[in-house]
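What follows is a pair of complexes built around subunit A, which joins subunit B in one and subunit C in the other.
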Partner chain A sequence: MKAFLGFVRKETLHLLRDRQTLAILLLLPPLQVLIFGFAVRTDVRKIPIVLVDPAPDVATLELRDRLAASERFRLLAVAPSTQVLDAQFRSGSIRQALVLPRDVERRLGRGDSLPIQLLTDGSDPNTGGIMQGYATAVVQRWYTDAVPSGNGLRIDASSRLRYNPTLESSHLFVPGLVAFVLTIMSAMMTAISITREKETGTMEMLLVSPIRPSAIVAGKVTPYVVLAFVSVLLVLIAARTVFQVPQRGSLALLLGECGLYILTALALGIVISTQAPTQRTAMIFALAGLMMPTMLLSGFIFPLDSLPVWLRAISNVVPARWFLLIVRGIMIKGAGLATLWQETLILVGMTAFFLIVGSRKLAIRLG
Partner chain B sequence: MRTVWFLVRKEFLQILRDHTTMVQIFMIPVVQLLVLANAATFDLKRTRLLVVDEDRTTVSAGLVQRLEGGRQFRVVREDASANEVEKALLEREVTAVIHIPRRFEEDLVQHRHATVQLVLNAEEGAATGIVQSNANAILAAYAAELNLTLPTVRNASGVTHPAPLDLRTQRRFNPTRNYKHYMVPALMVALTTIIGLLLTAQNITREYEIGTLEQLNVTPMTKIQFIAAKLIPFWIISLVIFTIGLVIGRLVFGIPMRGSLVLVYLAAIVYLIVVLGLGLWISTITRTQQQAMFVAFFVILIFLLMGGLFTPVESMPDWAQLVAQANPVKHFVFVMRAVLVKGAGLDTVGRPILGLAIGGFAILTLAVHRYRKTTA
Partner chain C sequence: MSEHAIDSRELTRRFGDFTAVNAITFHVEQGEVFGFLGANGAGKTTAMRMLIGLLVPTSGSATVAGFDISSQAEQVRRRIGYMSQRFSLYEDLTVQENITLYGGIYGVSNRDIVTRTGEILTRIGLQDAGKELVREIPLGWKQQLAFCVALLHRPGIVFLDEPTGGVDPITRRRFWELIYEAAAEGTSVLVTTHYLDEAEYCNRISIMVDGAIAAMGTPAEVRSRHGAATLDEVFLRLTRPGAAA
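Coming up: the complex of A and B.
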């Protein structure tokens, strides 16, 4: 035990001595959460749109006002004809165009049909669908209000958006960022710190010392657990004070789960480091190997429900996927352990698996 | 020139010799492109729906049928108490709940207007908006259908019918709505960028850490030669990775190539100079590989998240859009999408390519300037 504590002390000193690295490790996660929490929005807003209105009248002015007033759209111009639309679409300066016929007012009064064309830049089908939905809603609402007393049959939906009524992007994005940044940073920290000992040759010395291999790994990881936890605390404070992300569930549970997840990610780093002979391979594995899958298969940006079945099955092995459910569950939905026990259990299982594989591989290198 | 050439050879030999790294830098992009191209979508199919139908008439049953008929919703449960609804939403058993009130049919016949309640789990922001607009579209279509078939009580007095709205929607450039055509170019760029930036950012610090940088420093080679020799091998490797990605995109995902491939490569060549130059610059300002990695991670994340790859740039706040203008990934992805999907020519993509070229020149100057042949 004394040898172990001495070892932990050595590692801690290593970490504390290198001020520059320490600052990077500690401050990078909160900084990332701050920047991206502000900058990245997953919703679609300020869509640049052009209204083609060959003969403006009262009815079309009303539509123009509605478009201009909407947060969703940025009415770039009202054009008399469709002439320049092609070039504008191609250069990407507009994403939508609404083409009105002549005599809108008169058609509405007389009961002639009202052909309106809605052009959408569909090169991104994801946002294309959303934009089309928004514009259609605006036109339909304008139309129902414009026609003389509603003869048309209507079914309205009064929508209630549970847990995030304003669909505030940062409330969802920040918990996702916590999961994402924590995974990469933690895995990278241990992976690099262990492979560095290999590269500089000091690992051999450690292995011939009377300390057991598993104790060496535990000793190397301990200071990073503390470091990552402090970093998480900073991130959570930023989420609370800067973004007002709600904290509906128990704070103790949230911190406990964060602690568990730090262990999971660090253990993953151990597995990587046992496989990698050099820092270069370790970091390519930890960064290039984990970054995109964690970003795209965890529900961080794209909903998991939209994945094909086989890919959803694969996403089950991504640790961040489960942690994301836990963080969102506790922070946004106020869920407790009664709801989240399954996810927690899966993380515990993954951690145990990584630790066993990691210590096995390390022991084999001894013999 | 010969000096540079020898150094380039040395770098190449070093990388080719390291089999693990070789396998990694080619396998990781290929595998991830093949797998992840299927993941980057908001195409929500079969959203899990809970139906609470208190009306129980043919009209309300018709609505449920329409909701289930498209591929967008799947009714997993019917009739639940308020508590059960809460629980189902909390445990993610269902994503949406539609509540059809009593007198739904009666209201429609008498007042030509009825309201249903739609409760959504807004846990996944953007997806929620899509589910909502899917549901609204089905409601509107059903209302239009009922408008013709449902007997009416009031409207017998010969009031003029309103002008029927004939809204024709058209999506340009990607009529099949294949999101892969949009996402594969972005993923290719992302993966090439990650690998290229990591390799260069780690390169000089590694030599510094193991002490071989000193040996290079005492040779008569100039700073420019040194940076050039470090840049060229990774530039070639990245171009190979990029080409493999392009081939996979064409053969496996069938992405269109409407524009000129020469333009794509021109942009790629310039873009890679920016990214690799940035990597080398990071490498000159950091002391250990660990530091270099974390800084590179930070830069990559900014590039990817603020480059409009997965989320629209237009939605970002103004200051972030301004920052995004300096993001090479944004411009390169724009060029790729514009040329490949929309068939744009030099008149559209000339400016961003020029911008990239200026950026590349600036970052290389910075890297050469920052690199010191003397160590403190």
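Coming up: the complex of A and C.
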């Protein structure tokens, strides 16, 4: 026990003396929240749009007003024809155009179908889809209000998004960021700090001593666990104060699950460190083998549904994928353990697996 | 239980087809300074790594401090000190912090750590350097410090793997004085080196060639048995038989 405490103290000193790394580890996560929050938005505002209205009448004026009043759109012009649209789309000065037919009011009065063309700049498919959704919604509502009722059957589907009604992207990326931060802190820093000792030769001294390899590893990771926890708290505070990301579920459960994921990542870091002979290889392993999957295959940036089947299969072994479901479930949906027990169990299983593999390898290395 | 500090019987280690250490049998007495000589790759370090529990022997057996290296590794670990050829203190910790850390790992009591720290620093002339980061003290002192740290828990046997690489002759001499002091207090020393002048300081030596012990005895015995005036000559004859005049 005394040896272990001495070891934790030593590891803490390493961490505190390396001011640069410490500063990066503590400041980077909240900074990332700000960067992701302000720069990487998938919700769209002030879409430059043109309304092509060859024969304005009362009904089309109403649509025009609705577009102009919406926060989501910036009605640039009302054009009589589609002639200039191509050039404007290409230059990027507009991103959407709504093309109305003639006789709008008369058709509406008769309850006829109304052929409207909606053009959307699809060069960014994600925002393209979202813009399309917004515009369709405005037109839909306008059409429903304009058609006189009692004119036969009318299907009136009102759609509402649950949990995130305004589609705030910050609600989506903060959980991802938590996973990301924990992965860097726990897995990468553990792997690097263990391989550093191999590189400098101090690991040999430790392995020759009576201290158990498990105590070495536990002593090494303890300060990083604390640091990772502090970091997650900073991220959550930043997310809440700056972007009003909700925390609908139990905070205790959220922190508990974070603790579990920290363990998962640490175990992965240990596995990496037994494979990598140097800090550099450990870093590359961690970056390529952990960070990329955590970013790309967890649903953090790209929705899992849009992945090809084989990549989706791979994503099942990425711990962050499950952790993300858990965090989103707790924070955004207010879910409890009753709904999240499967994901939790998967993480527990993965952690156990990595710990067993890691300690096996650690023992083999001695032989 | 063996009377000897180290007793090695037919100790062998193979890596695939390559036999790094080939059935070496030797012993080290209590308080003896025993030199392991040999060219690079002759198997000195591999043999030492088996004795300190960093490598498992392929066959053969050995006892260290009376305990079997395979079945009683835990007891062996408590009774040995080790200094590797790579400098093995933490550069970003102070001298005092390094000593405290190792003391803690070996279960030395806090009071003993304090008194022994004082002794160590006085002995190597670093009284005022306790609070300095190890990276800031000169290499020669670092190595002396590493040696003293390896002796902090008063082990019966200390293993030194090329301890004097890269230091000047005066510091090397000073280092050997430390080794003698330790031996005089009853600590057995197993030291690998390829400096042949250092071999003369040893009570007994063994010269390893291609994983096997080619000569063993006191430096004088080894010289006379091979009819050579210096260990240099013996060494050259053994390692490069064709080159012998």
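Of note:
We take it that the second predicted complex is superposed on the first by the 249 of 367 C-alpha atoms of A that agree within 3 Å, B and C clash if a C-alpha of one lies under 4 Å from a C-alpha of the other, contacts with A are read in each partner's own complex, and residues count from 1 in each chain.
One rule holds for everything that comes next: contacts are C-beta pairs under 8 Å (C-beta built on N, C-alpha and C of every residue); 3 or more make two chains touch, one makes a residue touch a chain.
Here the structure is a predicted model, which is why all the values come from computation and not from measurement.
Legend: residue contacts after superposition of the two complexes on their common chain; A:136 is shown touching subunit B, with no touch to subunit C.
In the superposed model, A:3 lies in contact with subunit C only, and not with subunit B.
The partner that reaches more residues of subunit A, of the two candidates subunit B and subunit C, is B.
Of the two partner chains placed by the overlay, subunit B and subunit C both lie in contact with A:18. When the two complexes are overlaid on their common chain A, residue A:44 makes contact with subunit B while staying clear of subunit C. By the document's definition of touching, of the two partners only subunit C reaches A:204; subunit B does not. For the contact definition in use here, the residues of subunit A common to its subunit B contact set and its subunit C contact set are 18.
The residues of subunit C lying in touch with subunit A in their complex are 52-56, 74, 77-78, 80, 82, 84-93, 97, 100-107.
Residue ranges on subunit A touching subunit C, taken from their complex, read 2-3, 5-7, 9-10, 13-14, 17-18, 200-202, 204-211, 366-367. Residue ranges of subunit A in contact with subunit B, taken from their complex: 18, 20-21, 24-25, 28, 31-32, 35-36, 38-48, 74, 89-92, 95, 107-108, 110-130, 132-134, 136-137, 139-140, 143, 147-165, 167-169, 171-173, 184-185, 188, 192-193, 196, 199, 276-281, 283-285, 287-289, 291-293, 295-297, 299, 301-303, 305-308, 311, 314-315, 325, 328, 332-333, 335, 339. Those residues of subunit B lying in contact with subunit A across their complex are 18, 20-21, 24-25, 28-29, 32, 35-36, 38-45, 47-48, 63, 89-92, 95, 108, 112-130, 132-137, 139-140, 142-144, 146-147, 150, 155, 159-175, 177-179, 181-182, 187, 190-191, 194-195, 198-199, 202, 206, 210, 287-291, 293-298, 300-302, 304-306, 310-312, 314-317, 320, 323, 334, 337-338, 341-342, 344, 348.
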